[in-house]
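So, here come the structures, one by one.
Each of the two complexes below includes chain A, the first together with chain B, the second together with chain C.
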Partner chain A sequence: MALFKRIESAIDGSIGRRRLGYALLGLVILFFLWFPNDTSQSNYVKTVFISGFFYAILSSSWALLAGIAGQFSFGHMAFMGIGAYVAGLFARDGITFAALGIALTPESISSVGAIVIGTIVAGAVGLVIGWLLLRLRSAYLALFTIAFSELFRIAMLTEYDYTGGSNGLSLRPLLQVADVDTARQIEYYLMFALLIVCLLLMYRVAHSPIGMFLRAMREDEDAASALGVNVVRYKILIFVFTSMIVGLAGAIFYSDIGSERIIPEQLEVLQMSLIIAYAVIGGMESLLGAAAGAFISRYLLEAMREVVITLPLGLTLPDGSDAFVWETGAWRFALFGLVMVFTLRYMRNGLLYPILDWFSGRDLIMQETVSIRKSDDDVAADMEDSG
Partner chain B sequence: MKNRSVTLTLILVVAILALMPFSVIRADGHCEFADEAIKIGGLVPLSAPGSVGGGVAMSWAFNRAVDDINADCGVQIGDQNYRLQIVIGDSEGSPERGQAVVERFILEDEVHAVSGVYHSAVGLATMGILDENGVPTVFSEPWNDNVSANGIMEYDGRPPRNADGVDHIFRISPASSMVGSVVVDWLLAEGVEDIVIIAENTDYGQPAAADELARFEAAGATVTQINVELGTEDFVPILSRIQARESAPDVVRILVTGETSFNLTQQMAELGIAPTEDTICVTNQFAFQSEQYWENVPDGNYCTFNRVGIIPSLFSDIAIGLNEAYFEEFEDIIPSFAMASYDALHIIADGMERAGTMSDGAAIVEAIESTDLDLSQGRYYFEYGNHNPDLPEGTPAFMWHQWPDPVVTMMQYFEPGQSSLDAAVIFPEVYQTHGTGYMAPGESP
Partner chain C sequence: MSDIQLELNQISKRFGGNQAVDHVSFSVTQPELIGMIGPNGAGKTTLTNLMSGMLKPSGGTIYLNGRRIDGHAPYEVTRAGLGRTFQVTRALNRMTVMENMLVPGLAHNPSARRDNLQERARDILSLLTIEHLTNEYSRALSGGQRKLLELGRLLMLDPLVIILDEPFAGVHPRLQETIYKYIDRVYQDGKAIILISHNMGAVFELSHRLIVLNFGALIADGDPQTVKNDPAVIDAYLGHDEDE
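Presenting the complex of A and B:
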């Protein structure tokens, strides 16, 4: 502890925590930029990373919606699905606006165009849902969004003629690259770039006056409203914003970037609870924490599919092998659940939040504030004594 | 001198005879394996949202097949015996996870072949990667027609897999269309003309109802379709609509799954709608789990149901042994997808042996196309492939690289509390066990 304090003082007295944090973040970004060029890594690991980036977007956007804005929604996966399904259906069937005399044939819609349409529709649905949710809070909001999410999932499941039912809907591939290695490299960078852009956008919102209004609404909606915060506008705005982000992520990911088809089971409440769990483990009130929590959790869940324990001292099993292989199956989710229980009981701000908090230097500001208050209190006490 | 030769010869003969059993034991129990093993990837759902029960049964069957094959000295390629090794991967029933697991199989585990797949969505999402990477694959459960049809037909904008001259994907589970036709063919053979279909409002019930409705109407029959929500417990209002008809229907066909199908069948029987002298009761394949069926549907005697997978009365010695082992482990009758998974590994191993390679995908595919093996579900062969590429007119594209004979039958209980092992197989005629196509209530075989 003393050693840690000494290192802490040394950092504070030299480079400073915040700068060190930025430097480390830069190194992490450089690592992710370099990673696909590591020839020792197979495309499988890149696939796991791509999936990690996707879930990082979902989790961090949910952290913005629930952790920062206080809108505890279970509809996030549904909005992701709306983006993906709409993009797939538009690219496959096109659309006709008879009243306007406009007919968009599938041939006239590019993959990018379909993704844009999917994103806009996700935002439009977010607008409607956000408006409907205006008067709902806490448990009622959660129940409403669960109902909406299930409604959408069941519609996708039963309208099999259009959506493919449980066989899923195949989206038009976004990339047409014949070489598998090159394709995977591009997919990797595309998903990573999307994550960075989404994080920057969300960070911009969270650290703008809008972000302050959202936090004020989270703490006390009535008080915020009394202080002049346009609760209606910002509640709808944050729903539309996060819906468009996950809609875009879903439309891109399922356009053969991370997966070649989306299925209704992907929209189940169970999948939504995983997104929430990633955010809780990483830190609900930190976009970066939620994103890192999702990425690390996805990676570990994948790595733990098969646990290999090599026997020591040259021991062997009856079949002659020197290692015990445990196919974890669903057990890895049970272990994940244990981590979640630990986090909720002992580290409610998330496992990564203390680290990010330390780098932010907020505790220094807090100490400074406390000491100023204390000295003010001492001065007041002295004045009282002398008076 | 002569006596000594005779004595020596006798000693030699006795010694050979005495050592023979040991040499046999050595061959059976102490096979010499090459250092390298043949790895097969088993893609099954082992966690939600996948069907975990199905995945567990398939994993069990894979391990059983590996044990049996290795006990028989593995796979012989050239003069070497190779141990078979199964690498199980959890698809979670999700195309995205299925694709990732298949990539892991190919790139990390370096498997030589793949089998399994329970959910069609996973099969449809992974078949392209497996084919592009030249991995011989025998799917053991996905039903979607396009899984095999994509071998020679474009699907979802993707060109036929066989466009490059080799299609690495085979299927030994039935295609959906193969299952749907059996119920309709049987009922039409029984002369029904007025049919009520009660279908659950899901992707199982609705397409199945649409398929059967089209077949019935094409044959000139009248069909009334009633949709129900899965999980409904009180069906009396719906059943009252059937009771209120001027004449009883010839058949009530239930396309509802699980507990809900039991509730519906029991309430239908209690109300005296079916089975009756006038109306045939056709419930779904869940009725094959006889213990659960009789517990929930005590009035369900004389109901009929369809069954996918070989019927118990036709079980071969392999199937009997497999069923006994499965019963010991799970206390239930072995499902068809577990048998198919067991058989799939034998088909792959046989293909490798005949091709004389474990790594040349094209050669293994060529060998699998000419498979002729008797296994737990019957005789396996593939009628259409590059060995016989021209499908006759009228033959559906899903018959490509498809085992043509998965057994789909109609069965009927004719005694209360009867085990499904003793229930009558009534259709197709070739499988009939009690010499009858249907027994009206009160009749016996």
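Presenting the complex of A and C:
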């Protein structure tokens, strides 16, 4: 502890915690940029990373919606699905607006165009849902969004003529690269770039006056409104914004970047629960915490599919080996559940919160406040003594 | 009549069979310090909610600075110049004291420089003797400090009319003095204040005019001494001396 305090003082007296934090963040980004060039890494590991980036977008955007804005929605995966399904259907079937005399054939719609349309439609549905949710809070909001999410999933499952039902819908591939290794590398960078762009956009919103209004709404909608905050506008705005973010992420990820098809199973409440769990473990009031929580959780869940257990004390199995492979199956999710229980009970702000909080230097500001308060108390005591 | 800032005309509010506010009319000029009293359930808080846009009236009109505000959203009423506090303090708990101050500052003036708003916030917090808590989360504040913070947030809005709902409830006497000074300062700055309180000493000491509600209706409106001796007010709220 004394050593830690000494290191802490040395950092505070030199580079400063915040700068050190940014420097470390820069190193993490450099690592991710270098990683695909490591020839010892298989395409499978890169695929796991791509999936990690995707879930990092989903969890961090949910953290913005629920953790920062206080809108505890279970509809996030549905909006992701809307982006993916709409992009896929547009690219496959095109669309005709007879009244306007506009006919878009599949050939006239590019993959990027389909993704843009999917993103816009996700935002438009977010607008409607946001409006319908205006008067709903806490449990009612959660129940409404679960119902909406299930409604969408069942519609996608049932309308198999259009959506492929349980087999899912293949989206038009975004990239046409013959070489598998090169394709995987480009897909990796594309998803990583998308994560960075989404995080920057969300960070900008969270640290703008809008972000402050959103947090005020989270704390007390009536009080925020009485302080001049247009609650209706910002509630709808955050639904549209996060819906578009996950709609875009879904449309890109399932355009053969992370997966070749979207299936209704991905829209189940269980999947939504995982997004929430990642955000809770990382820190649902921190975009970076939620993103890191999602990425690390996804990686560990993959890494734990098969665990090699070496027997201690020179013990051997009947076949003479001193180790065996445990195929964890669903048990890894049970372990993940335990981590979630621990987090909620003991570290409600997330496992990464103490680290992020330390780098923010907030405790230094608090110490300063406390020292001023002590001085005030001393002054008050002096006044009483002299009085 | 150009100095009338707030005007209520025949304002009513009915919840099912309950007439919570019954055709109440009065006007508020600037500056003016009005006390609003009445027994529990008289309709004081409902009337506050009607004036601040939290509730839509069943009938009647409300004008603020010549602009009709009844039925408008609370944020519109606030931006039009009417600020209010709540009977049960509503601090934004997981935000710092400074952030609590910046929310109304930015909502009122989105293009303002944050440095300027922070400077203004510090001045107000200093007036309220809680400047040392600037970086503290408001959940860590005592009940009295939270009341002061709520009062401070109002000043960031620079309102024309301020409604203070039970500002002295559960507040330590030393902090009550700070609230007295605050009310006096705000009045001296030329604002209209409606003070709702069960603290009769404070209401009679501070108010220049008294409004009394009972069963949702306005039963008296005048200078405090006259109202104090009004038989209807004595019957409804103040009561008779035991030896009478």
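One rule holds for everything that comes next: the second predicted complex is superposed on the first by the 376 of 387 C-alpha atoms of A that agree within 3 Å, B and C clash if a C-alpha of one lies under 4 Å from a C-alpha of the other, contacts with A are read in each partner's own complex, and residues count from 1 in each chain.
What we mean here is this: contacts are C-beta pairs under 8 Å (C-beta built on N, C-alpha and C of every residue); 3 or more make two chains touch, one makes a residue touch a chain.
What you see is a predicted model; the values in this text were computed from it and never measured.
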With the two structures overlaid on chain A, would chain B and chain C clash, or do they fit side by side?
fit
Name the contact category of A:229: first (chain B only), second (chain C only), both, or neither.
second
Identify the partner contact of A:114: answer first if only chain B is touched, second if only chain C is, both if each is, neither if none is.
neither
Which partner does A:220 contact after superposing on A: first (chain B), second (chain C), both, neither?
second
First (chain B), second (chain C), both or neither: which does A:191 touch?
neither
Touch check for A:240: first (chain B), second (chain C), both, or neither?
neither
Tell me which partner A:125 touches in the superposition: chain B (first), chain C (second), both or neither.
neither
Determine, under the contact definition given at the top, whether A:302 touches first (chain B), second (chain C), both, or neither.
first
For chain B against chain C after superposition, the smallest C-alpha distance in Å amounts to 37
Report, in rising order, the residues of chain A that make contact with chain B in one complex and with chain C in the other.
none
Seen from chain C, its contact residues with chain A in the complex are 52-54, 73-75, 78-79, 83-84, 86, 90-95, 99, 102-104, 106-108, 110, 132-136, 153, 157
Chain B-facing residues of chain A, complex:
42-44, 47-48, 51, 157-158, 160, 165-168, 170, 172, 180, 258-263, 265-266, 268, 270-271, 302, 305, 327, 329-330, 333
Residues of chain B touching chain A in their complex?
46-49, 52, 88-90, 93-96, 99-101, 103-104, 106-108, 119-121, 124-125, 128, 132, 144, 156-157, 201-204, 206-207
For a test of understanding, state which residues of chain A touch chain C in their complex under the given definition.
209, 212-213, 215-216, 218-220, 222-232, 285, 365-366, 368-369, 372-373, 376
